[in-house]
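Written below as structure tokens is the structure these notes are about.
Labels A, B, C and D are assigned to the chains in the order they are written; within every chain, residues are numbered from 1.
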Amino acid sequence: GFYGNFGGAFIPEMLYPNVQELNEAYTTILASNDFKKDFNKLLRDYVGRPTPLYFAERLSERYQTKIYLKREDLCHTGAHKINNTVGQILMAKRLGKKRIIAETGAGQHGVATATVCALMGIECVVYMGAVDIKRQAPNVSRMKMLGATVKPATSGSQTLKDATNEAIRDWINNPTDTHYIIGSVVGPHPYPDLVAKLQAVISEEVEQQLFEKEGTKVPDHVIACVGGGSNAAGIYYQFLNNPEVNIIAVEAEGKGILTGESAATTRLGRSGIIHGSKTLLMQNKDGQITEPYSISAGLDYPGIGPMHANLFESKRAEFISVTDEDAMKAGLELSQTEGIIPAIETAHAFAIFKERQFNHDEILVFNCSGRGDKDLQTYTDYFKLID
Amino acid sequence: GFYGNFGGAFIPEMLYPNVQELNEAYTTILASNDFKKDFNKLLRDYVGRPTPLYFAERLSERYQTKIYLKREDLCHTGAHKINNTVGQILMAKRLGKKRIIAETGAGQHGVATATVCALMGIECVVYMGAVDIKRQAPNVSRMKMLGATVKPATSGSQTLKDATNEAIRDWINNPTDTHYIIGSVVGPHPYPDLVAKLQAVISEEVEQQLFEKEGTKVPDHVIACVGGGSNAAGIYYQFLNNPEVNIIAVEAEGKGILTGESAATTRLGRSGIIHGSKTLLMQNKDGQITEPYSISAGLDYPGIGPMHANLFESKRAEFISVTDEDAMKAGLELSQTEGIIPAIETAHAFAIFKERQFNHDEILVFNCSGRGDKDLQTYTDYFKLID
Amino acid sequence: MQNRIHQRLQQPEKIVSIYFTAGYPKRDDTLEVIQELVNNGVDMIEVGLPYSDPLADGPTIQQSSTQALKNGMSSQLLFEQLKDLRQITSVPVIVMGYFNAMLQYGVKAFCESCEKCGIDGIIMPDLPIDIYQAEYQSIFEQHQLSFISLITPQTSDERIKQLDEASNSFIYMVSSASTTGSQAGFGQTELDYFKRIHDMRLKNKLIVGFGIKDQTSFDQAAQYTSGCIIGSAYIKHITEHGLRQTKPFIKSLKEQ
Amino acid sequence: MQNRIHQRLQQPEKIVSIYFTAGYPKRDDTLEVIQELVNNGVDMIEVGLPYSDPLADGPTIQQSSTQALKNGMSSQLLFEQLKDLRQITSVPVIVMGYFNAMLQYGVKAFCESCEKCGIDGIIMPDLPIDIYQAEYQSIFEQHQLSFISLITPQTSDERIKQLDEASNSFIYMVSSASTTGSQAGFGQTELDYFKRIHDMRLKNKLIVGFGIKDQTSFDQAAQYTSGCIIGSAYIKHITEHGLRQTKPFIKSLKEQ
């Protein structure tokens, strides 16, 4: 359950049976033909996989390099999140669970969870920070349309971190009939591994699609934004052990590293424990977790998954942080150059061209992890699009 | 250019050269390998085709029949509309056009047009009723993010019909450099045929996918909502000449046929001319076009495409109309039974179970033409989802 | 066929023709506007039958149409208002409208009503000539109604010949490809176009419409044609000044 | 190792142990609360080191932690506040907190500071026993600190034996699977569970926590164990009545 110095399961004993049950079952279930068959069928017919690998001609021309977009924004519900929730709901059914809980920040994971629960007819409770409930109203509506109960987390900053705390408490209080669907590669082992394996389909498809288009399975760079890091885990997965592939992780710098309003964990954090996992973490000297800030509600998390902490520490991945402003501009640029409005999370990945240059024959694969419909209000206000 | 008694090109002479240019070129272009190659590539890599044919297990169980959903809601930008705009932008480039105009009601076609214009780097002007601009603000933001100019139509009821008038006027005023991308199977010949052929990919895929799943290419029923009728044209296309396939068209009854607030054209309209086409049309005794009403901005159109008028008159298709209330309930049901929140337009198609029963071994293919994200506010208000 | 339009076109003087919307500004102003125009020496009149969706018109005419419809204007009412037309004037009068209104009234009935009122011609911009020729030409002719086509700078020579063939009396030459009222003055492009069509020596006379608002533009257009139609500029004028102020408007066009 | 906890556990009387959050209600109330508890005959004290994200706690303790952190509470400050602890009492005192706070302070330094203050044990619900045993057990023991594990009704017998092996002095028996403060009274299920664990005859004593709020629940739990820990109920009491009203609260538990 460790990635180098990171990972593990730093959980209260009350959670041990739940986590242990999952830990004992998950590798067997994931490996079973029965699970694979159901999972692949739903990914194909319900989620809409494989998602395209799209060569962005105009963007490539602008930056004089070869840019491919893995189109997770085309997944059902609008982001890669659903790959994981489809897998976990199938797992929950096999574990005999009758009730699903989840945490959500911007609401994408909450929607993806509510979606698969509606699909399976299973009760669903989503914890969401009271502040996020207000600022992400459309996703709250979506969850309610899907029949889920949305419970506000009113502690702390009333955002993602606190929603996660509440979900964990719910799980402690409902140890036998409930499965907790974590939305990112965070939390106690086996979650980071489980979620990464369920998202690995992204890079599996990239290999095959890149081979069809470029005659090689090996891109020069794979690039993703990292909040918790599930979309990044998905697009890195197949390339982790291939040193020919440069891995680039883009963190949310918020208003700037030194402003106190940032979510760039690898630059501002140090090793600690959050949500049951040892990882890099923004905290004060006493180990109290500090409030992160990003214009993107999905990157507004004070830690990163332990896998990513290890990629950072071992220098396997290149970490770049970009500000709100650069991310927003990159979102606008992608919209107007390729006709794809990205989620603001995703827009961060496309902001690296200010920081980083590439050769004209290098192949870059970006994870276009989510669509920007949920962020229209933010974009509109930011760019004053409407008088 | 006629479908039985309907169709033609009833246009002012000022439009004749534009329409004639298109008419002379479109069949050749559509048939060319070069166009097909570009079109299919963009449909695959950019739009995300083929969209899945999804067997809706829980809905099938509820209605004791076999229900398949053609998942056009998973297309880039969230509806089938983009199949057409991708095709037309490629056509416009081949015609040497430097500027694109379009009309839009709910905004989906406007977004799809703005999207392909951004993709190709071509100037884009979208006409939209001033009333629709207000009530469909998120789609206005999307178009502006994509770099399009949104021009308000301030005449008449300030909705789709008036936006179409304005777009036609723009085309009259810009006869050489501009291509007008109509969003539905309406307007003067060759538009109804052109748009239907570009949307035909939907039923082409259905045939192949149904064969994989059921061992037959022939469903018993194909079902779609009809406003102008482009999604319906797409899913009917391959089956039009196969009498084994029952075609069901669902119109928006609004508040009820007799209330004066309805958009059920085949029940309330008669033959007349709208937007350059002879078709069924809601009008007063003097031939003045009357204002339609539907809770769905996309079905809020006083005519239907001439192809559909002919399907109605020839009794080839079965026409059913459903009220706002039944459509909204069907939207909620699909959300909570299958985890798919449909556009309110699309929801109309799923409301037929109140009107119509099916045998347990019949195969129904619904065109799940668009996602409901744009309609969340309407759903939320209607069902009082948020306190 | 030999109606008032043909007769007028045989005279050498350039034609000043005015378009206005029936039932505008007030429902029952139709005949009064005609009287004003006639009193001030207008040579020909186009009476616009207002339509809910006037594709070929610019904002001025569209607004007048919307108002006229609100006022209760309709085909039937128009024919009632014009039933004594020939008691007040003998200038040619043409009805201009959109084909759906005619279709719903019944093409035959519409032509009959026109004839009864003493209407001389019909301009239906959205009635295609092939359909006109196949289905309606004989009806028009039976009722002594001239069918008048439009051409634009984009219309091909071949197409112009077809339109000339279908038309009767004159061709409505759209000065530039645009909806009514959207252009300002004529440049060399338009003049070349006027000359080009003039030199085609068509069987029908030419009258220019769209973009005429003052004597300069009138003179430019009339140089190669039989005259001009003024629409938006007149409607704007009576909207601002009232229909009683028709005189100064016409005077400004016919000063010479 | 033989510290104050072991000594107290050797006595037959049931233990009333109170949990409170350091720095609550006011930053410098820590020692005063301990004084109040001692004065009113409490047998053991858990001092909660407040944490920003207390996963295992219910709303009452979480709110007290949030307030304490706002008040400026920290590990360093706690050890300063407790430096004279042993001048006022000899009852066993345990620090309860989350592992990240300990980790950031330094596990060795944390244990040293505890020893200096006269702390007897540490409860870190999110420090897994395998990691404790592999990395920290020798440090704890070196500083005479009991490591105290939690068990719940869902904990398997095998796991209980492992936890018993790792623990020193007593096992914190969570009455039912729930965060603190969320249960109301004990039913047959809990009683069966208490008896079942009692009958396992572990090397460590048992103390019950979670869900004890009055004498009835105390007596039920104590029947099979060495005593109980009361947390949320006490914090609620001093939030409402002030820490000076500790006496009636303790009295209601120890009336018999």
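Quick note on the criterion: contacts are C-beta pairs under 8 Å (C-beta built on N, C-alpha and C of every residue); 3 or more make two chains touch, one makes a residue touch a chain.
Predicted, not measured: the structure shown is a model, and the values here were computed from it.
Shared contacts of chain A and chain C, meaning chains that touch the two of them, come down to B. With centres defined as mean CA coordinates, chain D is found 37 Å away from chain A.
Centre-to-centre, using mean CA coordinates, chain C is 97 Å away from chain D. The geometric centre of chain B is 66 Å away from that of chain D, both derived from CA atoms.
Here, these are the chain pairs in contact: A-B, A-D, B-C.
Residues of chain B that touch chain C in their complex: 8-14, 16-18, 155-156, 161-162, 165, 168-169, 172-176, 272-276, 281, 283, 285-289. Residue ranges on chain A touching chain B, taken from their complex, read 44-46, 48, 51-55, 58, 71, 73-76, 78, 114-119, 121, 137-138, 140-142, 144-147, 331-332, 335-341, 372-373, 376-377, 379-380, 383, 385-386.
Chain C meets chain B in the complex at residues 51-56, 58-59, 62-63, 66, 69, 74-76, 98-105, 125-128, 131, 149-152, 154-156, 159, 163, 174, 177-179, 182.
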